[in-house]
Amino acid sequence: MNEPFIPIILGTARPGRQSQSVAEAVLDVAKQRQVSADLIDVADYPLTATGAASAAKSLDHYRELVAAADGFIIVAPEYNHGYPGELKLLLDSEFAGYSRKPVGIVGVASGRIGGARMIEQLQQVTTALRMVPVLPSVNVTNVTEAVNAQGEFDTTTLGTSLDDMLEELEWYARQLSAVRS
Amino acid sequence: MNEPFIPIILGTARPGRQSQSVAEAVLDVAKQRQVSADLIDVADYPLTATGAASAAKSLDHYRELVAAADGFIIVAPEYNHGYPGELKLLLDSEFAGYSRKPVGIVGVASGRIGGARMIEQLQQVTTALRMVPVLPSVNVTNVTEAVNAQGEFDTTTLGTSLDDMLEELEWYARQLSAVRS
Amino acid sequence: MNEPFIPIILGTARPGRQSQSVAEAVLDVAKQRQVSADLIDVADYPLTATGAASAAKSLDHYRELVAAADGFIIVAPEYNHGYPGELKLLLDSEFAGYSRKPVGIVGVASGRIGGARMIEQLQQVTTALRMVPVLPSVNVTNVTEAVNAQGEFDTTTLGTSLDDMLEELEWYARQLSAVRS
Amino acid sequence: MNEPFIPIILGTARPGRQSQSVAEAVLDVAKQRQVSADLIDVADYPLTATGAASAAKSLDHYRELVAAADGFIIVAPEYNHGYPGELKLLLDSEFAGYSRKPVGIVGVASGRIGGARMIEQLQQVTTALRMVPVLPSVNVTNVTEAVNAQGEFDTTTLGTSLDDMLEELEWYARQLSAVRS
C-alpha cells in the first residue's frame, strides 16, 4: 500500500501568525514518518463568502487536495474561544471530500490553555463534515517562548503528544483508506 | 464475520422518561438489520460518584458489555442544553473499552430542537473517550406526540435519519472491528 | 433615559443568503419597540485576516457602532454545525466594546434544527467577548418556506420566541447601560 | 445594601476528590471580600434521577440556597472533556432560582488544560439556566502539585485569575440583585 497522504492545514492568515512556525515543524515531523505530507495554507485561497478572487491558488486546487487526502492535520490558533473565520470559510468550501477521513488538531496559543476550547468547537465542525476527530490533540502553550529568532518552533515542548496523535491519525488513515469506496 | 454487537444505551433514569419508548423502538429497528443489539438501561447501574450500591446490575457487567461491543447507540434526552448526569456517570465509569468504536446519538425532546445541543456536547465526550461519532444523528422532536397510549414510539416520524445513522454506524462497526487489535 | 441602541448583525455574506430576509424582519419588529435599531451587514466590512480592503465601510465604523451599542442581536445561518467564517472575522476585529452588553442570537436554517448548534458555539464566543448571552434564542426552521416571493420573512412562524428574546435583551440592555462605566 | 450571597458549589462527589481543597481555598478567599459565601457540596444532596434518598440534606435545602443566592461559583473537575454527572444532576434539580444571576467557574485538572473544556460545556448549561457566565474563568492545572500534605490548595498558583473572576462576579451580583424582581 502507498503511504497515506496527510495534508497539514494552516488555519490562520493573520499577519505575524506564529501558527506558521508550528505548522512547518509539524510538517517536518510528519515527513520523517511513513506518510506523504504537504502544507495547505489558508492564506493561499480565496475567501468564499465574498467571492474575493485575489488569491494564489484556486478553490478547485483545495478540493483536489482534499479529495486526494487520507487524513488531515489542522494547525490553528484560538481566537475568543473559537476557530479563525478564514479557516471556517475554507473548510466550508467543500463537503464530500472529507468523509470517513481522520483529522488531528493542533491548537496554538500564547497563553496556558493551548487552544483547547478552539479544538472542541473544531471537533464539532469536523464531525459535521463526516471526518473522524482523533485524540490526543496537541496543545501548544506559550507559543511565543517556543519559537526562536529564526522562526523555528521547538517540538520538544510538546512531550509525546504530537507523536501520539500522528500514530492514531496514521492508524485511521491506513485502515479507512483501504476500505473507503 | 459475525454480526457486529451494537448495544443501545438508554441514557436517562428519570421517572416517566419517554426516551425509553424511543430506545425500545430503536432496538426493534436495529434487530431487523444484520447486527446483534441489546439494551443497556442507565437505571440498572449504580451511580459511581457516590458508591450507591442498590442497583440491579454491577458496573462490571456494564464494562463487559462495553468490551464486547463493536459500536454504540445512545438514546438520551436533552436537559438544559446538556446530557443527563446519570448518563455521564455511567460513561465515565469505563475508558479503554470504548476506543475505536463508532457511536450514533439519538436526541429526544418534547420541543422542536430534538436534543441537538445535547448531541453536540455528547459528541465531545465520546470523542474524548476515543469513540468515533457518526452522522447523521437522530433528532426526536415533540416526542410526546409520537408515543401512543401503549408507550410505543412511531419511528416513521424520523424520516430516513435512523436508517441512515444505522447504515453509517454499521459500516464503521464492521470495518473497525476487523482491524481493531 | 434614552432608548437602548441594539444593532442587528447580519452574519453571512454568501450570495443568495436568506438570513438577510430574517434580519430585515427582525429589524422591523425591533423598531416597533422602545429601542433604537440598525443593521450591521457583515458583507459591508473588510475581512480582517487578509487585509482585503474592497469594502463599503471601514472597520473603524464597525467599532464605533459596537462602542455605541447597548446590546446586540446576531442573525446567522448554521454551516456544518458552526458559525459563518465571515461573522467570526468581524466579531474578532474588536474586543473591549462588547463587554457587559447582552446578545440575543437568531439561528437560520433550511432544515429542522434552526441553527441550534451554531447558537451554542456562538454563545461560547460571545461569552469570551464578555457579552451576556440571553435566552430564549430564536430558531428559524425551514427558512425557505417562510420567505415569500418578495423576499419577506414571515415572523409569525416564530411563535413568541422573538418577542421573548427581545424582552430579555432589552431588560439587560437597560439595566447594564445604566451602570456600565 | 447587604453583601451579596455567593455560594460555592463543589461539583464532584468522587472519593479522593482534590476539587474539595480548591473549593475550600476559594471559600477562604471569597470570605475576605465584601461578600457572604458558603459551600454547597454536591455529595450532601440526593441524586434526583434515581430518587436515592440517603443524603445529608434535602433538595429543598439546595433550592432555598439557590433562591437566596446573588451569584454562584462552581468548582469542578473535568472528566472526559465534560462536567461530572453528579453536578449536572444537582443543577438540573432547579430552574427558576438561577435566573439573572452571575456564575464564575473554576476548572480543576491534574493535567495542563485546567478544565477548560468542561468550563465551555458548563457555560452552555448555565446559559440555558438563564445565569450570566462571567470571565475570566479559573483554570487549576496540575492540581496534585498545588495541594500540600494537609490538603490545602495554594491559591498563589492561580496568578490574578481568581481575584479577577471574583471582581467581575461581584460587579454583576451587586448590579443585578439591585434590579432583579
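Just so it is clear, A, B, C and D label the chains in written order, and each chain counts residues from 1 on its own.
The rule is simple: a residue touches a chain if its C-beta (ideal position, glycine included) is under 8 Å from a C-beta of that chain, and two chains touch if they have at least 3 such contacts.
Predicted, not measured: the structure shown is a model, and the values here were computed from it.
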Interface with more contacting C-beta pairs, comparing B-C to A-C: A-C
Chain whose mean Cα position lies farthest from chain B: C
Separation of chain A from chain B, taking each centre as the mean of its C-alpha atoms, in whole Å: 31
Rounded Å distance between chain A and chain C, as computed from the means of their C-alpha atoms: 30
Between chain C and chain B, distance of the C-alpha-averaged centres to the nearest whole Å: 35
Residue list for chain A, restricted to those that touch at least two other chains: 81, 117, 120, 124, 127-128
Residue ranges of chain D touching chain A (in the complex, touch as defined): 81, 112-114, 116-117, 120, 139, 141
Contact set on chain B toward chain A in their complex: 120, 123-124, 127-128, 130, 132-133, 135, 175-176, 179
Chain B-facing residues of chain D, complex: 12-15, 43, 47-52, 54, 79-92, 95, 117, 121, 124-125, 127-129
